[in-house]
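Per-chain numbering from 1; labels A, B and C assigned in written order.
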Amino acid sequence: MARPVVEKKYSFTERIYLYEIVKGLGLTWKHFVKNFTASLKRGPHTVPTCWQYPEDRREISPIFRGEHLLLLDEQGREKCVGCGMCARACPAKCITVKRGKVAEGEESRYAGKTYCEEFQIDLLRCIFCGFCEEACPKGAIALGKGYELARYTPGECQLTKEKMLANYRREKELGILKPPRKPVPVAGAAKEAAAKAKGADEGKAKD
Amino acid sequence: MSRQLDAQAGHGTGDFVTINIGPSHPAMHGTLRVVALTDGETIVEADPEIGYLHRGVEKLAENLTYHQFIPITDRLNYCSAITNNVAYEMAVEKLMGIEIPDKAKVIRSIMMELARISDHIVCVGILGVDLGAFTPFFYLFIQREELYEIFEWYNGARLTNTFGRIGGVEADLPEDFEERWRRLVPNLRKAIDETDKLLTHNRIWMDRTIGVTAFSAEDALNWGFTGPCLRACGVKRDLRKDEPYYLYDQLSFEVPVGKHGDVFDRYMVRMIEMEESIKLVDQLLKIYKEFGPDDPLMAKVPKVLKGPEGEVYAAIESPNGELGFYVKGDGSDKPYRVKIRPPCYMVYQAFPELVKGEMVADLIACLSSLNIIAGELDR
Amino acid sequence: MNDWVIALIKVVFIWTWTLIIATIMTWVERRGSAMIQDRLGPNRAGPFGLFQPLADGIKLFTKEDIIPEKAHKILFNLGPILFALPAFSAYAVVPFGDKIVIGGKEILLQVADVNVGFLYIVAVGSMAVYGIVVGGWGSNNKYSILGGLRSTAQLISYEVPWGIVLLTTVMVYGTFSLREISLAQQGTFLGFLPNWGIFKQPLGFILFIVTAYAEANRVPFDLPEAESEIVAGYHTEYGSMRLGLYLFGEYVNMYTLAALMVTLFFGAWHLPYVDMSKFLSPFAYGIASFLVFFAKVAFFLWLFVWVRWTVPRFRYDQVMGLGWKALIPLALANLFITALVVQLTV
C-alpha cells in the first residue's frame, strides 16, 4: 500500500508559528473580555451557554417529550378508555394497561364506557419516542415537560396512573400543557376525511 | 492477529510494548478499543476491537414492527439521529412502494442538512479537543445547542429525535423555524470562522494534521470508504450528487474534495461541508415556502404497515458517508431482516492500515478525524 | 540571630505566598478558561467561586489514598515529593521586590542573594524531571511510563536552549546574581526605551518564553500529561494529595518561571521611566516594588493560561524537532551575536 507523500507547503506567516498564535490569542482575548464583562452583570443568564441550573432553567419546547401525563377532559373525566393502543405501539414495551368496565355511578369520573384499571409506564424502559401519544385514539396520554427523571429506587420509576394524573394537574396549573396535536395532512385528504367520518360513525354504532 | 498480540502482552519479551487504548480512555469515542503494538511511540501494529457497544439493533428490528424500529435507529449515529431515521424510512418506503409528498421531502432534507451540520460540529470539535485545542470545541458546541433547540421545537426531542414516520413526517415545521434559523446562521458562520482562525493556519495544527495518516484514493475505494473520508482522498463521490434522492438534484451545492486523505483534508472537507449545508438549508427553505400550510405531509399509508415480500436497499449520504439500510419483508408487519450498512464500519476496517507507522498521538488524531461513532459501528 | 529570624520569615513568607498563588492559579485557570470559552466556570463556592480551590484542596486531602497494588511503593511515594520539592525551592534566589526598611533595618526582598543564582535555578529546576520519571516509572502503568519518558526527553532537550538563553543574559549583564540583573534594568535604553532585558534581547525573550512553556509542561508542550493521548501521563495512577502535589508543583513552577521572566526581561520591580525610590518612603517603596513585581508576574501567569486555551498540542517528535532544529540554533546564534556586540561595545 503506497501511502501518498504529502508535501508541506507553508507560507511564511504559517512557518514562524508566532504570527498565527498571536492572532489566535487576539481572538480568545475578545471572547474573554466579552464574557468577563457579561459575567459581572447581575442576573441568572449572563454568559450565553451557562444556565445556573436549579435556579435558572432554559425554556423548553412546548412539545417537549418528557415524563408522561394522563389527560382529563373539560369535565375532569379521565379520557383514557384502556384500549391498550399505546402499549401496542410502544417500541420499548414499557406500558401496561388493564382495561376495566366503568361501574355504575362512576360515569362522572370516566369519559368512556371503559377505563384503565391499571396504567403503568416503566420509565426505566421508556425511550420517550412519543409513539404512545400518536397512537392514542382519544388523546388521553401525552408526554409532558418533566425532565428530571432521577429516582432513588427502581420502584419509584414505575409511573402509575395516580402519578401521571398528578403530573397532568401540575402542568395544567402551571399552564404548560402541550397544545393538542395538529392532525397531519395526509395525501388524498378529502377521501381520508370521508373515510374517517364513516369510521367514526361505525365506532359509535358499535358502542 | 489479536491472539498474537495478546501472547506478547505483559511479558516484555520483545522490544515492542503493547498499549491498550480504550475501551475507556479519554480520547476513545464511545467504547472503542485499540490494542496497539508500539515501538517507542511509533505504532507497529494496531488492532481495533469492536463490539463494546453492540446492542443487537439488527435483531431488534426483526421483533419490532416497521414503525417501532424508527426510534431504535436514533441510537445508531447519535450525533445525527435524523439521518438514520430518514435512511431507514426511505428503505421501508421503497419496499412498500410509498411515494412521500413533496413537502415531506423538503422537510426531511432540511432536517437532514441540519443534522449534518451538528454531526460535523461534533467531529471537528472533538478533533480539536483530541489535538489539545479545547476552545473551538466550545464555540462550535454552543451553536450545536441552538441546532438542537430547533430539533426540540420541531418534535420535542433533542438528541434522539425519532424524526419522520413511514410515509412522511409527523409534523410541519414550527412557525418560528425560519426565524430561529436566520438567528442561528450568522452565529454558526462566526463559530466556524473562529474555529478556522484558531486552527487552520496555526502551524502546530498543520504539523499535527497535514500528511498524518494520508491515504490514497485507490486504497480508500478498495477499503469501501464513503463520505468525507473518501472525499478527503480526492474522490468526488456524494450520494446527494451521484444518486440524488429527494430534491437534491434541484439544488446547487459544491462537493468539497481533498487531495491526500490526511487528517487535515478530512477536517477541511467537514468545515466546507458545514458551509455548504447552510446554503442548502437556505435553498430548501425557499422551496419550502412555496407550499401551503395544508399541503400533505404524509402519504396515505395503512394503519398497520405490512411489508410485501421482497428486499430493498436504500442509502443516503449521511454525515459520515453512505448509510444504507437493507430491508427484507415477508408479508408480515415486521421486517424479516434489516441489515445496516454504517459508514463507520467500512472506514474503521482500514484503521490498522491507516495508523501503521504513525505515532500514538496520530492514532488519536486519525480516530477523531474519521469520526467513528461506536453506536453506529457496533450497532 | 536577628538575621536568621528575618531569613526564616522571608522563607515562610515566600513559601506561603507561592502556595497561595498556586492555589489561586487553579481558580484563575478554570475561570479564565471558562471566560475564553463562553462559559462561566466555578462560581458556586464563595464570591465568584473564589473558595473553589479551597474546596478542591479539602477534597484532595480527604480522598482515599490509593497505591496501586503492583506499583513500586517507594518510588510511587517519592515521585510527587521529588517533583514538588525543587519547585518550591527554586524560588529561593529569585527576588520578589527590591528592599524594604523596617525599624531602620534594610531587608532585601529576596530569600538569598546568591552570586550563582542562575546556576542554582538551572540545577534545581532540572531536578523536577526526576519526580516525573520516578512517579511515572513507579506507577507501573504504560501510560505513566510514556508520560515520564516524554517528559524526560522534553525537559532535557529544552534545558539546552533555556540554558543558552540564560547564558546570553548573563553575558549582557555580566553577573550571575539575579538581584544585580534586576538593579541593572533601571533607567532607559537608547534614550527612549525602558532599560529592560526584552529590548536588549528580543529574540532571547521569545526563546526563553517558549522554552519556559516547555519546562513547565504547559500547552502547547503538555505532552507528558496529554490527556487525549496518554490519559494523564505520569500522574495517571495518582490520587488524593499525591496528585495535589504534582498539580501544585506545576503551578509553583509556573510562578517561578514567570518571576524569572520578569526579572530577566521585564525590568523586575522597575516601572518604566519612573524611579519609585525617589518619592516614596523606604517602607512604602518596599511594598510598591513588591506589588509592581507581582503585577508583572501576574501578567505572565495569565499568559500561561491564555496560551493554554488558544493553541493545540505538539506531537512528541515535533517538540523534539522544534527544540533541536530551531531553538538551539537560534539560541546559539543569539549567543554569538550578543557576544559579538558585548565584545565590541565594552
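The definition used in the following text is that contacts are C-beta pairs under 8 Å (C-beta built on N, C-alpha and C of every residue); 3 or more make two chains touch, one makes a residue touch a chain.
These numbers come from a predicted model, not from an experiment.
Undergrad: Could you say which chain's mean Cα position falls nearest to the mean Cα position of the entire protein shown?
TA: So the chain nearest the centre of the shown protein is B.
Undergrad: For chain C, which other chain has the most distant CA centre?
TA: A
Undergrad: If you count the contact pairs for each chain pair, which pair has the most?
TA: So the chains sharing the most C-beta contacts are A-B.
Undergrad: State, to the nearest whole Å, the distance from the C-alpha centre of chain A to the C-alpha centre of chain B.
TA: 24
Undergrad: Roughly how far is chain B from chain C, going centre to centre by Cα mean, in whole Å?
TA: Inter-chain centre distance comes to 44 Å.
Undergrad: Suppose each chain is reduced to the average of its Cα coordinates; what separation in Å results between chain A and chain C?
TA: Distance between chain centres: 52 Å.
Undergrad: Identify all positions of chain B at which a residue touches two or more other chains, and write them in rising order.
TA: Chain B, residues with two or more chain partners: 135, 138-139, 142, 198, 202, 204, 207.
Undergrad: Among the residues of chain A, which ones contact at least 2 other chains?
TA: 21, 24, 27-28, 31, 48-49
Undergrad: Can you tell me which residues of chain C touch two or more of the remaining chains?
TA: Within chain C, residues 36-39, 309-311 contact more than one other chain.
Undergrad: Using the touch rule from the top, collect the residues of chain C that touch chain A in their complex.
TA: 32, 34-40, 43, 206, 306-307, 309-311
Undergrad: Which part of chain A faces chain B closely enough to touch in the complex?
TA: Residues 1-6, 8, 10, 13-17, 20-21, 23-24, 27-28, 31, 48-49, 60-65, 89-92, 127-131, 134, 143, 182, 184-189, 192.
Undergrad: What part of chain B is in contact with chain A in the complex they form?
TA: 64, 67-72, 101, 135, 138-139, 142, 145, 149, 152-153, 155-157, 160, 162, 168-172, 194, 197-198, 201-204, 206-207, 210-211, 214-216, 219, 260-262, 294-300, 353
Undergrad: In their complex, what parts of chain C are in touch with chain B?
TA: Touch list, chain C to chain B: 33, 36-39, 142-143, 146, 150, 219-220, 222-223, 226-231, 309-318.
Undergrad: For the complex, which residues does chain A have touching chain C?
TA: Residues 18, 21, 24-25, 27-29, 31-32, 35-36, 39, 46-50, 52 of chain A touch chain C in their complex.
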